[in-house]
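Naming follows writing order (A, B, C and D), and every chain is counted from residue 1.
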Amino acid sequence: MESEANTASARTKAFDLDRTISLSDGIFAFALTLLVLSISVPDIPFSSSSSELWSAIKDRQNELVSYLISFIVIGGFWIRHHKFCGTLKAVDATFLVINLAYLATIAFIPYPTQLLGDFINPAAFAFYAAAISASTLAAAALNEHAARSGLLSQALTPAETKEGRINGFGVTAGFLISIPVVLLSGELWLGYLCWFLGPNFHRLIRLGSSRKH
Amino acid sequence: MESEANTASARTKAFDLDRTISLSDGIFAFALTLLVLSISVPDIPFSSSSSELWSAIKDRQNELVSYLISFIVIGGFWIRHHKFCGTLKAVDATFLVINLAYLATIAFIPYPTQLLGDFINPAAFAFYAAAISASTLAAAALNEHAARSGLLSQALTPAETKEGRINGFGVTAGFLISIPVVLLSGELWLGYLCWFLGPNFHRLIRLGSSRKH
Amino acid sequence: MESEANTASARTKAFDLDRTISLSDGIFAFALTLLVLSISVPDIPFSSSSSELWSAIKDRQNELVSYLISFIVIGGFWIRHHKFCGTLKAVDATFLVINLAYLATIAFIPYPTQLLGDFINPAAFAFYAAAISASTLAAAALNEHAARSGLLSQALTPAETKEGRINGFGVTAGFLISIPVVLLSGELWLGYLCWFLGPNFHRLIRLGSSRKH
Amino acid sequence: MESEANTASARTKAFDLDRTISLSDGIFAFALTLLVLSISVPDIPFSSSSSELWSAIKDRQNELVSYLISFIVIGGFWIRHHKFCGTLKAVDATFLVINLAYLATIAFIPYPTQLLGDFINPAAFAFYAAAISASTLAAAALNEHAARSGLLSQALTPAETKEGRINGFGVTAGFLISIPVVLLSGELWLGYLCWFLGPNFHRLIRLGSSRKH
């Protein structure tokens, strides 16, 4: 009797987890595909020559770069979410809510991508960085909740937990710090440097600690 | 022989249920992601300054709020549909039709979201509330049909059934009542209050009944 | 050894079938959700009054009807494809190609939907009917190929096969016949009558044959 | 103990593979469905006559052809990716990154499709061919990595590996060669001939080698 209830409960948990992952994958896939709409079609006549079209495409190089950046960013979030979901054994109601908040920030990314592609100025950069920071903070909340509420299977060692936190902290810090850096200095390349350093923060840490030994 | 037919029939039912859930999750995921298109890109020149872009983004704050509201609304529908599907053991032809009608109302939500973001007036509010009411009514029809046609597994107790109905009634009533309230008073905040109270109706009920004891 | 090869082959077939169904469900879900983009947002100023917005929404009633029609049409295709896939035991290379051709016609439907919503004239009607006819013809080709190449499991009886063909024939004939009917008569309601009668053709047939007895 | 770890590891691998395939299928499905947005809606008044609408649709025949070409191209990529994933037994971190790069090129295809439909000139053709070449190169990298890192199950024989490479080489070569051919000659039909010959390259090879015997 009890074992039957356990099985039913286990099935419910597996079902919840499966559908949550399925919705998440759908939103990731769709957000990745919607990015292409942020690249505007040249507004030149049908009979334009090849050279006119080339120069119109060249004018869109900033949009093409934003497409690439956002594909890498959302792709990176997917890889992390994917690894994280592989360590889950169940989800609870709070998890569903935090996960939806996280997905809201992921589904929002095509909008700041459009701004980053359409305008080269600190405001567009800061808006984009703030949006990505929101995603990383929601991801961190998701990780913390899962760890504290016993949703994780045994697979995660303390060392892995620590590495996950350092990794997450680096990414969040990189995007958050880039906002004042760009707004105060007015130099976009300094902000892009923060974006690049953040996700590699754990590598720098590891490099530092391996030098000590 | 009979057991084989039963197994085949069970497999068919599992297949039907799986594909129905898969289509539903797909539509939920895309409706959630399409919402971002309701936030319009600032129509200012490429060379605009940071302050011009900030003020253009501020002009879109109503669209950003609508995005958030609709994400919460659709996300809430998904959580309810998700819980509900976890209690199903099979689907029948009528279920598929009602579910498609329900999904039609979910897939429609990005349109009223756009109106709610683009116009601050009672008509936009009432149109949005009517669209959401249609979703809640379709969801209630789905619940009733499943319960009456024996599509539910044993997992649901009478108390759970009752709570589900009170919950569904609260949400529907909140959105339906908000329509005349806003159209007659012309005050949008009264309508938003209805939206907030509706989904918390069962909590108010429970609060009242626990005070009696 | 042989049994191992059989198992591997069975796994490959199950995998092929699963991914084909998954891609199909994705395209159905997305086509259903994209339909909402065919309803244009009122092009009136932000400060418009409620009555101005109501009249702008009323102007879009033709688009709203087209949305409903296409949701019913694509939803109907999904139900048929869903039932059909439940009878499959495997897919082959030709099946994949025909299925992709079928999905190309499904993914195309948002375009004729837009025309049907934007223009009330025989050309828009005929274009829509032709697009849906292409879908029904591709669906019929898919059915025929699966039956002839032994891709079906035993579940289908000859009576079911016959009913499926009559059903498919009715739908195709309804949409195909509506094209000359509307182009020659110029009356759209005659065409809509064809659309309604086609999918109910098998019921009329059954009604006729039951009267004979 | 060890066998338990193996099982856990096997489960992780199966999970990784499943989610990777699920994300890939999602992106394929959306890219296929987004193509329809590349066909522009006639910009003529609501009250236009049937003949005005027909001529407006005829003006879009180039966009309709581009829709078809891209559906065939992405559909072809899906069939290859689908077959390829059926031979995988696991994925690793590098695989995820290459797969995301591959999906970035697939999700990008709606943009060159729009250019190919909107402009008939060598630049639009070359841009499209370059985008597809990027997809084929990423697909080749994915194949090579899987083969070298032992991600494939035993199902693939050396003959199949060779055929896969010849096939992939033909497709890539067809698209890459078409770029200089069209830019130098200015003749689009020569480029389309390359596109047609490339994917049939392995058939020509086989034809040649069977003649020798």
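Note that a contact is a pair of C-beta atoms (placed from the backbone, for glycine too) under 8 Å apart; a residue touches a chain by one contact, two chains touch by 3 or more.
What you see is a predicted model; the values in this text were computed from it and never measured.
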Of all other chains, the one whose Cα centre sits farthest from chain C: A
Self-contact between copies chain C and chain D, residue sets same or different by half: different
Chain A and chain B, separation of their C-alpha mean positions in angstrom: 26
Between chain D and chain B, distance of the C-alpha-averaged centres to the nearest whole Å: 36
Touching two or more other chains - residue numbers and ranges from chain D: 22, 26, 29-30, 37
Complex contacts: residues of chain A adjacent to chain D: 21-22, 25-26, 28-30, 32-37, 39, 41-42, 46, 48-51, 53-54, 57, 67-68, 71, 75, 78-79, 82, 85-86, 155
Residues of chain A defined as touching chain B within the complex: 8, 12, 15-16, 19-20, 22-23, 26-27, 29-31, 34, 37, 93, 96-97, 100, 103-104, 107-108, 110-111, 114-115, 118-124, 127
